[in-house]
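In the part that follows, the structures are each spelled out as structure tokens.
Across the two complexes that follow, chain A remains constant while its partner is chain B and subsequently chain C.
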Partner chain A sequence: MIELTINGRKLQARKGMTILDVARENNIYIPHLCWDRRLKPYGGCRLCLVEVEGQRKLMASCSSPAENGMVVHTDTPALRKARKTVLELLLVHHPLDCPICDKAGECSLQDLAYKYGPSQSRFYGERKHDPEATSPLIDRNPNRCILCGRCVRVCWEHQGVGAINLIGRGFKTKVSPAFEETLDCEFCGQCIDACPVGALGAKPYKYRARAWFLESRDSICPYCAVGCTLTLDVREGRILRVRGVDGKGVNRGDLCGKGRFGFDFIYGDSRLTSPLIRTDGELKEVSWEEALHYVAGRLKAIKEEHGPDAIGAIGSPRTTLEDNYMLARFMREAVGTDNLDTSARLGYAWVLKGVEETYGIRLNPVRLDSPVGKDAVLVIESDITSTHPIFGLKFLEAKLNGSRLLVVEPRKTKLARHASAWLRIRPGTSTAFLNGLVRYALAGGVHLKKEITTEGLEELQESVKDYTPQRVSEMTGIAEDDFTEAAREFITAESRLLAMTVSAAENQKGIETVRAAANLLMLLGEGPEALQIPADYSNTYGAWLMGVRPLGKGRDLYGMLYSPGAVRALYVMGEDPLVTMPDADRIEEALKGLDLLIVQDIRMSETAKLADVILPAASWAEKEGTFMNAEGLPQPVPKVVAATGDSIADWMILRNLARLMGHDLGSMDLETLQDEISGLPPETGTQRWRFAPSDWRLKEGPDAEYPVVLVTGNIMQHSGALSVMSKSLSHVLSDAFVQISPEDAAKFGVEDGGFIRIVSRRDSVFIKARVSDEIPEGMLFVPVHFAHARVNALTFASPDGTAHLTAVRLEPKA
Partner chain B sequence: MTLKDVIRKVFLVEIVKGMALTFSRLFTRPVTRRYPKEKRPAEPGFRGLHALVRNPATGDAKCVGCGLCAAVCPSRCINVYTSEGPEHQKVVDGYEIEVLRCVFCALCVEACPYGAIALTPHYEYADYSREALFMTKERLLDNWDRYMGEEGLRYFDSFWNPKEAHFKPPRGQAMFKGRIIGGFSG
Partner chain C sequence: MDIMDEIRDLSRKYPDRRGALLPALYVVQKEAGWLSQEALDTVSRALNLPQATVKGVATFYAMYKHRPMGRHLIQLCTNVACMIMGAERLVDLISGRYGLEPGGTTDDGRFSLVIMECIGACDRAPAMLVDTDFHADLTADNIFEILEKYE
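What follows is the complex of A and B.
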């Protein structure tokens, strides 16, 4: 423990703290511009100067460690003079165009100049950079830059991107991508929040409002399951921008591009404003009363004629807990069926099933900061920085703090680039890799040193006996030495973590991967907290807990969507199966064969276009509710703006509909609903470990006719089918594409930017090719977000939960 | 009661004195003005109806949309709407003042770094509807042409234009010193 005195107060500090850290912890103000909590000290701006008794020079508190017995003063005439001089020098070439600078009112330089400084410099210099106008989303005005380097360091040190740097010298220095190209980066916008002045800004917000016109409300991001806290800046009922506020929320102020820029999906052109009923093939606007009476009447008729089990419903991983809970009650009580499911069936359900088969528990929430501090972190075929960007950052942080980051991945993802060891695996073979590790561990006898269960151990030993390093190397394409090195590292580490994602959008992992991973961890004596598999979307986890899944004998998603004729009426709430789920042709057939398709959504989705009745729902930020993130943390989502058109909250629609069907679910307002939800019995269960052998085989491996494998997934700027509604995110990327390796491009005569036809056993699509060295030979990667490309017509559903990697062939445009 | 008081009371001295004053006033000129027949010119600095100063160079408002007037307004009756123009410049799309809420403190005039908002000498704007007293950017510019023009600039200058000497902020206080486009009188 270090003891020091600041401004006469005796304070205690821990080792490694700087003077500024101590001061901040004790609410002592020291001005600073270049310091950032997340970054290494830089000591560039010299504003944080303090006087230390016994030192002749003034010291930069952000980069001077606190030492025992130090006597520090933070506000003396000499310091004020020094700070004034520093500010004067910053203002030498500052344009001082505050009246048109969007930062005015929340600008550190403005505030500091007001507090300490001269309003203008005695010296004068002018910089004549042109503001950069061509890059999407991020506005750069180099004239206002004070060269604190925070953006550059956040981009590299914290985001692991390194898209920008300080280039040029003297008055000509500016922040820019290499060679002054237009910015081509992740568009996380973290640099915007880091910039203390108005040199970086969000383009969609440019000149839209002044800081003092805005009202700020905190909400939870509607995209992925990290559940970041967004600070929404609202003016006159319209959200103008989103910021992360340092230290706030599970994200502690960090945001990815989806959360920061994607909020404008609620202003998308495809928003529904009134209920629609299909009459004579045309969708016609009707009143709520008419629509609900119609739906209730049709549902009752179908129920009477064919029984309640002819009706099914699909819930949404993006609507609130309340909405999903109401859907479950509506289906079970008003309709009387258990045919109920969400898209989690295609991904997260297999994770939970795998965990239950091995660890014996029914839920396994992640912990967002779990990677930090582990000796070895193994990431299995998952692009976590794209699907769960802020969770992904924790892996980079872990690496920076000395963890070994082992990344098993075919694509050159961000994690692969930052890995301590990147094992370029053949797509879809990670189960073989994990089984190889299990065999290696068994051969080394680790299980003998730990007290672990023996249930299923023999079967496990038997099932992995063929996964010798040599065989694994053949199956996965990883060199034998690399494999054994990684195996040794992971198995001998003091503490370890295994992370991946399994979602409806991805097709290279399945339940067998989860089992294999759990087997490995159990063998090493690790509990379920070492297995980190986050749920996909903002409320995937919550919808699962609300019972939007068959609890008894009801039909699940496979039984409803992939078995044409199985149900006669389908109620789809906030989901677009035609875009987000595999095998679009089969789904379309099933949907077209229905007697009644009701789609309740915020927008005219592809599925809605086939519907008989469309009910407009209020979106995120237009209604109150709760999201539950991948940690299982319920977080309130407030109503911030008025609902679009006639739309109302999903749960209200369902409540009203139930009444019309003659079944009052209780006079429910949001409060009673929330009380009811919090009264649900908690999921409890004790661990009971047993090994669940997991063999690896591909359902559709590459062969002579279909020689290439197609991997589907999420990209960083998009999320499912929702983000394409956002104009800002679409500005970065709105066109479907397929990534292909340079080798395959040469082999199949594909040009970068040219169109190719991809043919699978089910269908073919026509799509733009992007040649990229991120992709290995023999693999295609295609993002799933863009409805117009219909890439999910190529893939297939896998009702047993195993990976559904798809083999395809390529036909360049003739 | 003294004898003096008695005499005063008997001869109604107080009343005679008062009537004398009344009588004398019958022959002087009246001090009240016969408004609306007779109108009084506003003194410099009078705070009448608002106007947005028209920049003679561009023909548009001088206002750059910094919103300082709205920030300082104690009755929150000013709203400024801006957006990005085709040349990436800041465009003032709308400028609104709800005159009925204004308390005529003129803080907006003081706050404006460009001298772009003025209170004109015009005070005859009573009307029958609230809408008539809701000022948009167009109406405010129109007010300028109508009530200020040539004459107004002089009037505005002589009172509102900061006189360097006595409008200087105290030494060492930070303040914005923007380039004033075109100066106050163009």
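What follows is the complex of A and C.
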């Protein structure tokens, strides 16, 4: 323990803390501009100078370690003078354009100049860089830059991107991409929050408001299951901007582009404003009363004629716990059926099933900081920095702190680029890879040293006996040496973690991958916390817990959407199966065959276009509720703005409808509803380990006729089918595309930007090709977000939960 | 050995890839005498560092050139010691003889002239570097004798 004195106060510090750290921990103010909690000390701005007794020079507190016996002063005449001079020098070439700068009122330079300094410098210099105009979302005015380097360091050290730097030296230095080109980066906007002045800003916010007119409210991000806290800046009832605030939320202030810029989906053009009923083929606006009477009447009639099990419902991983809970009660009590499910069936359900089969527990929430501090971190065929960006950052942080990051991945993802070892695996073969590790571990006898279960061990041994390094190498395309080296590293590590995603949007992993991963970890004596597989979206985990799934004999998603004729009426809440789920043609057939399709959504989705009745729901930020993130943490989502048109919260619609069905659900308001939810019995379970052999077989491997495999997934700037409603995010990317390797492009005569036809066993689509060396030969990658491309017509559903990688062939457009 | 390999080999001598950045920039600069966008991109790919990182570092140091240079680069010091010992007169002489202004290149591409900050040879001022050769105790008499050796 270190003891030092700051401003007469005796304080304690831990080893490794700087003077600034100690001061901050004890609420002692020291100004700073270039310091950032997340970054290594930089010592560039010299504002954090302090006096240390016995030292002739003033010291930069952000980069001076606290030492035993130090006597520090943070506010003396000498320091005030020094700070004044530093500020004066910063102001030499800072344009004093505060009246038109969006940062005014929340600018560190402005505040510090007001506190310590002159408002103008005795010296005068001018910079005449052109403000940058072409990049989407990120507004950059290098003339206002004080060269603190925070944006540059956040982008590289923290985000692992390195899109911008301080180019040049001296007066001419300019914050810019390497060759002054248009920014082509992640558009996370982390650089914006890091900038202490008005040099970087959010374009959608430009000239929209003065900082002092904004009202700030905290909410939870509506996109992925990380559940970041967003600070919403609201003016006159409209959200103008989203910020991350240092230290706040599970994200501690970090945000990705979806969370930061994607909030404007609530202002999307396709928002529904009134209930609609289809009459004579046309959707007509009706009153809520009419719509609900109609729905209640039709549902009652179908129930009477065909029984309650002719009706089914699909809930939403994007609406709140309250909404989903109400849907479950509505279906079970007012309708009387167990036909109920969400898109989790296509992904996360298989994770939970796999975990239950192996570890014997029913839930396995992730811990967002779990990668940090592990010796070896293995990432299996998952682009976590795209699907769960802030969780993804933790893998980079782990690497920076000395973990070995082993990335098994066909695509050159961000994690692959930062990996200690990148094993470029053939898509869809990670189960074989994991089985190979299991065999390798068994052969090395690791399990004999651990007290683990023997249940299923023999079967396991038998099932992996053919996965020799040589065979694994043939199956996965990973060189034998690389495989054994990675195997050795992972197996002999002191502590370890295995992470991946299994989601509705992806098709290269399935329950067999989860089983194989769990088998491996159990062999190594690792509990379920070493297996980190996050739920997909803001409330995927919550919807599952609320019982929006068959609990008894009800039909699940496969039984409703992929079995045409199985149900006669379907109630779809906040989901767009036609876009987000595989085998669109099959789903379309099922939906068109229904007697009654009710879609309750915030917008006119593709599925809604087929509906008989459409009920407009209030969106995120327009209603109160709760999201549960992938850690299982319930977090309140407040109502911040007025609902669009006549839309109301999903749970209210369902409550009102239940009454009309002659079944009062009793929950009158949000509070009683939330009490009811918190009274639900917790999902408990004790671990009971048993091995679950997991063979690897592709349902649809590449062959002579369909030689290329199509992998689907999420990209960094989008999330399912929701984010495309956001004008800001669409500004970065709004067009469907398929990524193809340079080798295949040459082989099939495909040009970058040209259109190609992709043909699978089910259907074919025309789509723009992007030639990219991120993709290996023999693979296509296609993002799932864009409805007009209908890429999910190519894919198929896999009711046993195994990977549904799709084989295709290519035809350049004539 | 191709230049990518040369850089990769070099990077093994350093604890991390960033450490190898300055020497790697020298390697590519050696090829054409300056750092073109392609040259910077080569370094970026060889060291797996973002282009912005490479460009930022390259533009910070005066010894990296960002436009084409003559066949021979004269770097003459005019800091205090050299100035007192007559460096500025040498600048005029060079300009007169070759039509070469500081920062410029002769029309025939033979020489480029760069005024250097101190090169650490104050005891033998005035001093200059021609390419990587060091020349000191320069005078109006010997300067052209030296320069004429560079074709």
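Here is the rule we use: the second predicted complex is superposed on the first by the 813 of 814 C-alpha atoms of A that agree within 3 Å, B and C clash if a C-alpha of one lies under 4 Å from a C-alpha of the other, contacts with A are read in each partner's own complex, and residues count from 1 in each chain.
Quick note on the criterion: contacts are C-beta pairs under 8 Å (C-beta built on N, C-alpha and C of every residue); 3 or more make two chains touch, one makes a residue touch a chain.
Keep in mind the model is a prediction, meaning the values are calculated, not measured.
Novice: Label the relationship between chain B and chain C on chain A in the superposed model as either fit or clash.
Specialist: Chain B and chain C fit side by side in the superposed model.
Novice: Taking the superposition on A as described, I'd like to know which of chain B and chain C A:N165 touches: first, second, both or neither.
Specialist: Only chain C; A:N165 stays clear of chain B.
Novice: Between chain B (first) and chain C (second), which, if any, makes contact with A:G554: first, second, both or neither?
Specialist: neither
Novice: Just checking: does A:A178 make contact with chain B only, chain C only, both, or neither of them? Give me first, second, both or neither.
Specialist: second
Novice: Applying the touch criterion given at the start, work out whether A:D97 contacts chain B, chain C, both or neither, answering first, second, both or neither.
Specialist: first
Novice: Look at the residues of chain A and decide whether chain B or chain C touches more of them.
Specialist: Comparing touch counts on chain A for chain B and chain C gives B.
Novice: A:V152 in the overlay: touching chain B, chain C, both, or neither? Say first, second, both or neither.
Specialist: second
Novice: Just to be sure I read the superposition right, which of the two partners does A:R417 touch: chain B = first, chain C = second, or both, or neither?
Specialist: second
Novice: What is the angle, as a multiple of 10 degrees, that the CA centres of chain B and chain C span when seen from the CA centre of chain A?
Specialist: It is 80 degrees after superposition, to the nearest 10.
Novice: Who does A:G198 touch here: chain B (first), chain C (second), both, or neither?
Specialist: The answer is neither, since A:G198 touches no partner chain.
Novice: After superposing the two complexes, find the smallest distance in angstrom between C-alpha atoms of chain B and C-alpha atoms of chain C.
Specialist: 26
Novice: Mind sorting out which residues of chain A both chain B and chain C touch, each in its own complex?
Specialist: Touching chain B and chain C on chain A: no residues.
Novice: For chain A, which residues are in contact with chain C within the complex?
Specialist: Against chain C, the touching part of chain A is residues 152, 156, 161-169, 176-179, 417.
Novice: What does chain B use to touch chain A in their complex?
Specialist: That would be residues 64-68, 70-71, 80, 82-84, 88, 90-91, 113-114, 169, 172-178 of chain B.
Novice: In their shared complex, at which residues does chain C touch chain A?
Specialist: The touching residues are 37, 40, 48-56, 59-61.
Novice: Tell me, which parts of chain A touch chain B in their complex?
Specialist: 96-100, 104-105, 113-114, 117-120, 131, 133, 206-210, 212-213
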